[in-house]
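Each remark here refers to the structure printed beneath this line.
Going by the order they are written in, the chains are A, B, C and D; count residues from 1 in each one.
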């Protein structure tokens, strides 16, 4: 868990560095503040059986599901050798072997898809938990409603985590919804629901583990709101001056990574030296991996003209 | 109220007769069982100020809002002289002078529109309550979610009545949603909500009146689930053999029209003779009005080629 | 075996469901009720509720769940109760289904099917011919059969295809058109046009309900000595340009016809390709026959005024031949 | 006054909002933040939160509420943060907005606007050119300006129009293209093409970003003695067929260009009409230049391979002229 938390954090450091060097391409969406949600939830799954549909602030989950640094960087930076051949970048890729299916930009669009993925196994008599995510803003998209209701009626083992990080781009919670807790919506779908502190990775892990159990028992989907703070702008071009400074200060006291490290140190599990060393070595690995990725050329132009269709006819895959 | 209840009921009788004569054109959607919802809710509005966005089982509301029999029949039967010039039929017309805006077939699509209608007046500093409707099936459409959330965030004076008549076409409640009451969804939008017996017109009226008050005070939208039974098929082509006979029997004891008449008789307000007479005379008027409408020819063909656009340029309307 | 267009589609679905466990259906009222047009009558009894899934009224969820199931190795067939309602699941098709092969190289073998088209006195919301939207979406195959045998064979090919297919069934043909349909497995490959009437003077390129209008028009002008070739393209994506061009190069004249509204319709694409690639063969301009650019109205008088018909095609053929 | 394309649009909105109280804006992050492209920067301060409405992430609600407000006499301008997300509000536009005039004879004066198009290294979900969908929807006007002055004048005309308008702003032009823009009220009527370059040998019919490609191509071939006329159609609905045909009748040759994918694009409609109505004037087949039929990919190498450019247009002009 510690390793993944640090990976999620240092991925951010590395990408930010790249952005500042002017070498990043496309939007750089910070994970800062969301590491516990991403890591704790993915760890609650059985990665040999379950399936992850991550969103743009869930790189931690990619690591949990076994994505190698080099592959991730190639995908993120859309270089030759990336799993998408350059057709898309950032976290939008799928890695079926690792049971990771990335998102599309259209918020909420992958939630019915995640439900359908589990439905397929349900029809085969197998329980595959799909874990997916949406923001406090994205939760207002109509498809989220349809997907949750559908999943609940058909008792699909879907877990949707609403990552409430207070802002949707520049829009605060008060302008996105009027309910008290976003998990209040669970009642309206007849499904389990909870709102938890999203900065506490162990709490995220236990809450998600319960949801996974619930799903495995055939009791259907769960809606979990994790409350956090987006500690940077929507993407790096955004100076987030619309966020009150006090709010950021307040939340930085609850930094999910520092908090978890402190707890482990208090409990005598690790020492500060060890975690500092781990951080430095992970960051080093990331930078090295990014450098390797950047040595890859852009994908060959003709890749752009391929694979719009899988086949013109044919059976099975 | 009595008059409108009977009009809603006898409209059904008249349309059914027409259907059996093979003279109806398009779907014939029965109001049977829903009269109290339609009439009670529309009566709660101020029809000089508020606005009605009725659905396919809300003809009662059209009468409450002052629609004449002749106009209604012309619209319904899409004859020359109808307000839609034959471009559409049934209850899909708008009569801006009467503050009625009909629905489109796509379920849920008019709910954001109703919200926007009231929003416009809100921007002008005027409170116009929009009353609109959706079924137990239609409530699962994504646009319903977006509209309710939007209306609640912007405190729009919108009232949405979910007409839970147990079935959506052939699909029972259990296959449409998994929550206990559809008004449970109100919490998830931070809006007022209630589930009531939809066969009791006075209860519908008082509940809706409260929602109207709430909206007028600037407190935002309300979601009301009215529980009823669709006493006939989805439309007249449907023999509704999928509905258990016992269910129909159970509900026919709660017939909204009979029940209201009985109450009025018990209270000594009317006599059975009076109501029987009223029914007969209303039915007669309806049949006469239908006959008059049927004497109108179909609209002239060239109407079909007009008015796809309002203008190619120009200002104001 | 003689079957209606509707029976042929049901037959294709039944054969595929029996043959391949990965095929399942999902839609509104398709189970107990057997579908609004009774196309899936008996399916629930035969295949059970886990393969004939009655879904809530949620087109986006129905299509999205189908995409997810397809990603996970199934071959879902999603029914739109009327194809008009595909507008509610539009984002799922164009944004997710249509881009997945390109981005992920993972197949999304699924069919979205349902009744489309006008001429039956429905209303503007139960009559749309929207196939051209998906033609312009990338990554989506689009099928519009005109005959029972094609409806069956193309449905079976669509289910077996590894790409998402939007399958337009013309509701006006459901019970009106009967024909001989091969029993059992019968595949009509996607992307092959069918010359449904041989002729030498002019080619009518068409699909769906317009094929029947074209055939009637061809009969009407035959008496006048005009020998019409009718090419039913059957699938819009993939488009069998070869067969169309071969026909026009032979006849030197072309009329393109569809029931969808004229402007921005697939007829423009066909006409543009003919006018470009058969330029030197053309003895007359390529004319189009299509619906007037309006919603499909409710009253029969208006609907007739808006929709194309065989008389208009016949007149267009005459004008083209006397150019 | 010199303005960028983006500034010109902002100017049009500001002028109309000052002039007409019925005009208001609604969208995501358009208030405090001033919009993802900062197009509405300062608007919240000037017009206040009841006329610059920050909405939840709900494109269907944003468009639907705009329709409702328009029915009630307002003139809403709805922003899609990226035009790609219009797929989430698609049903509202095509089902409700596009059929209301026809059914109810009540105007729905509203504008749905936002950044579209590729070439800026966005991704398949932030680059789509979807204008042809709405062309084929009935009842929707479609505007695609290429220059700052047109962007302003057409935006003002769109706001004042009594029909729903989908207004495509090409994000690649936002800050790249500058030009002289009249101050204050300035109307460019919908439905009038603009001959942006006079020529005698061949007509390039285009709109949006393709106009700039066409102009560059015209310069490139000018040295070879080919005199190109460039016609910017500016609005797809209404379509100024007259100006296009007049140009082609004059030059006898036509190339049609747009950034949207080829198949099913509006170019097919234009080419079909030219090939039909200017048949006897054509000395060469009408050729089209458009994007390859694929989503717009992310990596620059791929994106360049998929999108059209001035070299392709120049080569197509050469081929057409030597036909």
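Here is the rule we go by: a contact is a pair of C-beta atoms (placed from the backbone, for glycine too) under 8 Å apart; a residue touches a chain by one contact, two chains touch by 3 or more.
Remember, predicted model here, so these are calculated numbers, not experimental data.
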Far-end chain from chain B, centres as C-alpha averages: A
Distance from the mean Cα position of chain C to that of chain A, given in whole angstrom: 40
Geometric centre distance via CA averages, chain D-chain A, whole Å: 35
Chain C and chain D, separation of their C-alpha mean positions in angstrom: 30
Junction residues of chain A, two or more chains touched: 84-85, 87-88, 92, 104, 106, 140-143, 146, 149-150, 153, 175-177, 308
Residues within chain D bordering two or more other chains: 55-56, 58-61, 84, 87-88, 91, 95, 99, 102-103, 124-125, 138-139, 293-295, 297
Arrangement of touching chains [line / ring / star / complete / other]: complete
Residue numbers on chain C that touch chain D, as the complex places them: 84, 87-88, 90-91, 94-95, 98-99, 102-103, 124-125, 130, 132-133, 135-136, 138-139, 237, 239, 260-261, 263-269, 271-273, 275-277, 279, 282, 284-288, 293-295, 297
Contact footprint of chain B on chain A as seen in their complex: 140-146, 149-150, 152-153, 174-180, 182, 184-191, 220
Interface residues, chain D side, partner chain B - complex: 24, 50-51, 53, 55-56, 58-74, 76, 91-92, 95-96, 99, 101-109, 138-139, 141, 157, 160-163, 189-191, 238
Contact footprint of chain A on chain D as seen in their complex: 28-29, 32-33, 36, 54-61, 82, 84-85, 87-88, 121-126, 292-295, 297-306
Contacting residues of chain B [partner chain D, same complex]: 83-85, 87-88, 92-94, 96, 101, 104, 106, 109-123, 128, 130, 142-143, 146-147, 149-150, 153-154, 307-315, 317
